[in-house]
């Protein structure tokens, strides 16, 4: 083959599989979205349609990859969670981040006319992505708490900022002046400004803006038509839900325990003794045939020496 | 800040900067494009409009990133070359592959109606990407030779295959039968079949199909209107060219020496003595202020001991 | 400084810190120890003094690094376990493996005369080392089960092999013949040969040979002389124990629960409010009780929207 | 096999092969050598015997590994250079750094009595090691210039410092006072102090102290006894030389061009047609003359389209 003498260049590729038996988070972030949102006249501080479009793209990713169990989005970023047993793309990092970023950006472009019917897309958006490995459920919980706290802080700031900038009573006020006013306020101070000066109760603003969006699968009763009888039947199906819940406390996670439950990989389900009831994953174990473990039995016998 | 107690999760991110002073290749590959091309009824064995669309996406990448000096595409894949002095995204691997894959797929979706006016895009395409590090010019040359040899082999096979499958004289012939016939032929054998049975001189088929597409910048004389005088003036500008040249021999590279020339990084241009005339890159050196190298001078004096 | 213009070469060093909040195993392996043991006439199939020397080297490593909680050795290999909170060498991989391999080999050379008084060391031994990252306690348990099962299999084979090779009733028997006989036997078969032909009950052989050696710290009552009163006092001290216990079942781990207990990192204990003003650090914040700062409280309030 | 169910833990090991076709530097550094040198009463500012011992250890490494072409040492550190074609340990990083650090420290312990006959080794030394990848010859040259400049700066400082501290005319002078005096001197100032106050011409001090030590192989005429005739014959053999040359200028490298010459890997020399039937391997195919296989010839034919 003509390729043979050049094929050695393939040996420069690195094996970039992420550590087995760990949680993976893939976070997408819009590039130059300040400019993008300005060019397409997004509403300030939040454009509900643009956020809905982000969520629709996330939904398409969840639909494509069963291995992704949750998405959390705020502003122009979206995080995807994969459990320790996920084997998607053999956990290769470059493949994972490039595929998800690629599909997300293409879907954003594809779905734009549906969510932004009155605005022409001038140029397609670009998202970068990174993968981060987390060993424990607590790390994962803290990750989403980190992103949601970030959402809260940014949104409280932006809401106060834009309310003051767009204040019709102060048409002369510059963005720089508002920045100066807000620089030394804490959360309580911003709530106070909104409430006393603008009669806005921050806690009553849409949860999507304050909490960000969370997408995940739930078993839901769905009425379908039986193929055999033609009668309507109710079946339990995985349905992707979008909520704007608090992710920092326990309530959300307690209500949806399946999200943080680690399962044995599919192959393991077939193996008789592949389950260990300890919430851990038999990453490779599961796929190995258990040939007559006679030596093993012996090792487990009481030691009589 | 509310984020503080969770921000530790950021410490799990890995520094994934690619080795300084090396050539980088980012290769994109379409996912499930067999299915995608079938669903959108691409012409067989080559769809010129679909290849033009690929090239248009590559062009948008070259336009966005001055650090990319060449793109080479065949079928549903596209490779981008970055020189040792490229500092794009601080050479972070995940950022690099996700951004390029994202922009490419979004552009593909965005430009589809322009290149495929008679076919509705059913769902957007997905591309994965990987980055490979090459230390030498010879490795880079061999990389592109590898991809072009791959293009040649696949295209010769596909051209022969589809010519035989679509042969109106043999409407009964199955794809499996054609595969069986071609299994043991070499390149000469396939050329022979095309020439004697179908009167096709393979070498006369479009170069885009046989050689793939190469995009790169050339200094080109461009007539512009002078801002000061309003008169037409001829200026040398970087223009992105698309060719279908042979990349295995020396001719292309000799004709465009700038592509494989390593430049000192921008910062180095400012430093007086930052250039060494040896075709190497002062990756960090360039950015360090040269404080009075008095100790150094001494070291370089003849040793009198 | 004379170094300045060259110091850029330091930027080619890679950040090789291992994933935070994971178990680390460093496994050392003797190089060419078949030859080394032959040159120094080690007893076959096991040389107790040579194994004691290995254990003495492991003990010196445990004494040097508080972050290492367990060592397990068999034949010419030794594994060290570090818990998720270990910050030794900032978890840099090259530093970790090179330091431990270096100290181990140097100690082996240094302690040789004490353990092998009648044999001159001809040339010092060499050990390589690798670091492996394990996310869960189950993975760690399985790691040590893997090594101990390996010890068992090798030792049962070697014991049978050397007993047959050195059998005075069959002086003509070659090692090749013995290999051929043993090739198709399982564990029961080898036990049977030892018992019926040589009157050896394998289970009664020294546990160090059959199980390998385990070193770890235990709180032990130690009688010391009080500095103030000069009287003997009994104090709880960390003492390094060497045992030859089974590591596959639960008994050992249940008896020594401290080994697999994850602690908060030292830095966190010192910091009053968990903040360090330096960025990352709190690798294991997850296991620390969270004092809620002000923005946080707000987030945790019931959502009234 | 008993191991089977646990062997999955091996899948957590990472492929850590360093980039093919690049220069590798492995740098060893003594741990806590300030303390070690004090405990063993090393002469100040330089202990010639201790440096000779370092060089003897480096020599043992060069003798063991043909793939190492140069060692450079100063103080308690030693750097080893491996060329792009080096395949030692399949270029696995952990194996490389741990093996070299291990052998070096064990040799140091082993050879101690020979180099330090009057001092008892109290505890063995420890060295850590790191591997750094350099793509170009210029980077390699700059690396050794960096280390030698470091040697020069440190040695000039230490020589001046200890000369002043040990000055019998100023027995009352503390190390702190000398530090204060030297803080603001440059190289010329330190030379001046040595020359005017102590009549020491720094350039006349031993080159080993000022330049560090360089070890490498040279083809040297060696007189041997012919095995066939029993007569003395002169043969060209690789002999390891130790020099204290300047590595910053060109003279050393021009005089020993073999050190920085890249060779085709051994495997390639053996293979007739460059094919090995095993997949990757031909890391350095690039530097081998290409025999054109049949498809290839066709590609190289003039394009007639």
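Order of writing sets the chain letters: A, B, C and D. Residues in each chain are counted from 1.
Definition applied: a contact is a pair of C-beta atoms (placed from the backbone, for glycine too) under 8 Å apart; a residue touches a chain by one contact, two chains touch by 3 or more.
Just so you know, these numbers come straight off a predicted model, no measurement behind them.
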Of all other chains, the one whose Cα centre sits farthest from chain A: D
Chain A and chain D: spacing of chain centres that average the CA atoms, whole Å: 48
Centroid spacing, where centroids are CA-atom means, of chain A and chain B in whole angstrom: 31
Junction residues of chain A, two or more chains touched: 1-2, 6, 8, 10, 12, 14, 19, 21, 133, 139, 142, 149, 152-153, 187, 285, 295-296, 298-299
Touch-based graph of the chains, sorted into line, ring, star, complete or other: complete
For the chain B and chain C complex, residues of the former touching the latter: 1-2, 4-6, 8, 10-12, 14-15, 19-21, 282-286, 288, 290-291, 293-296, 298-299
Chain A-touching residues of chain B, taken from the complex the two chains share: 1-3, 6-10, 12-14, 28, 31, 89, 93-95, 97-110, 121, 123-134, 139, 142-143, 145-146, 149-150, 152-153, 187
Chain D residues touching chain B - in the complex, by the definition given at the top: 19, 21-22, 84, 133, 135-139, 142, 148-149, 152-153, 156, 186-188, 203-205, 207, 210-211, 246, 248-249, 285-287, 294-296, 298-300, 303-305
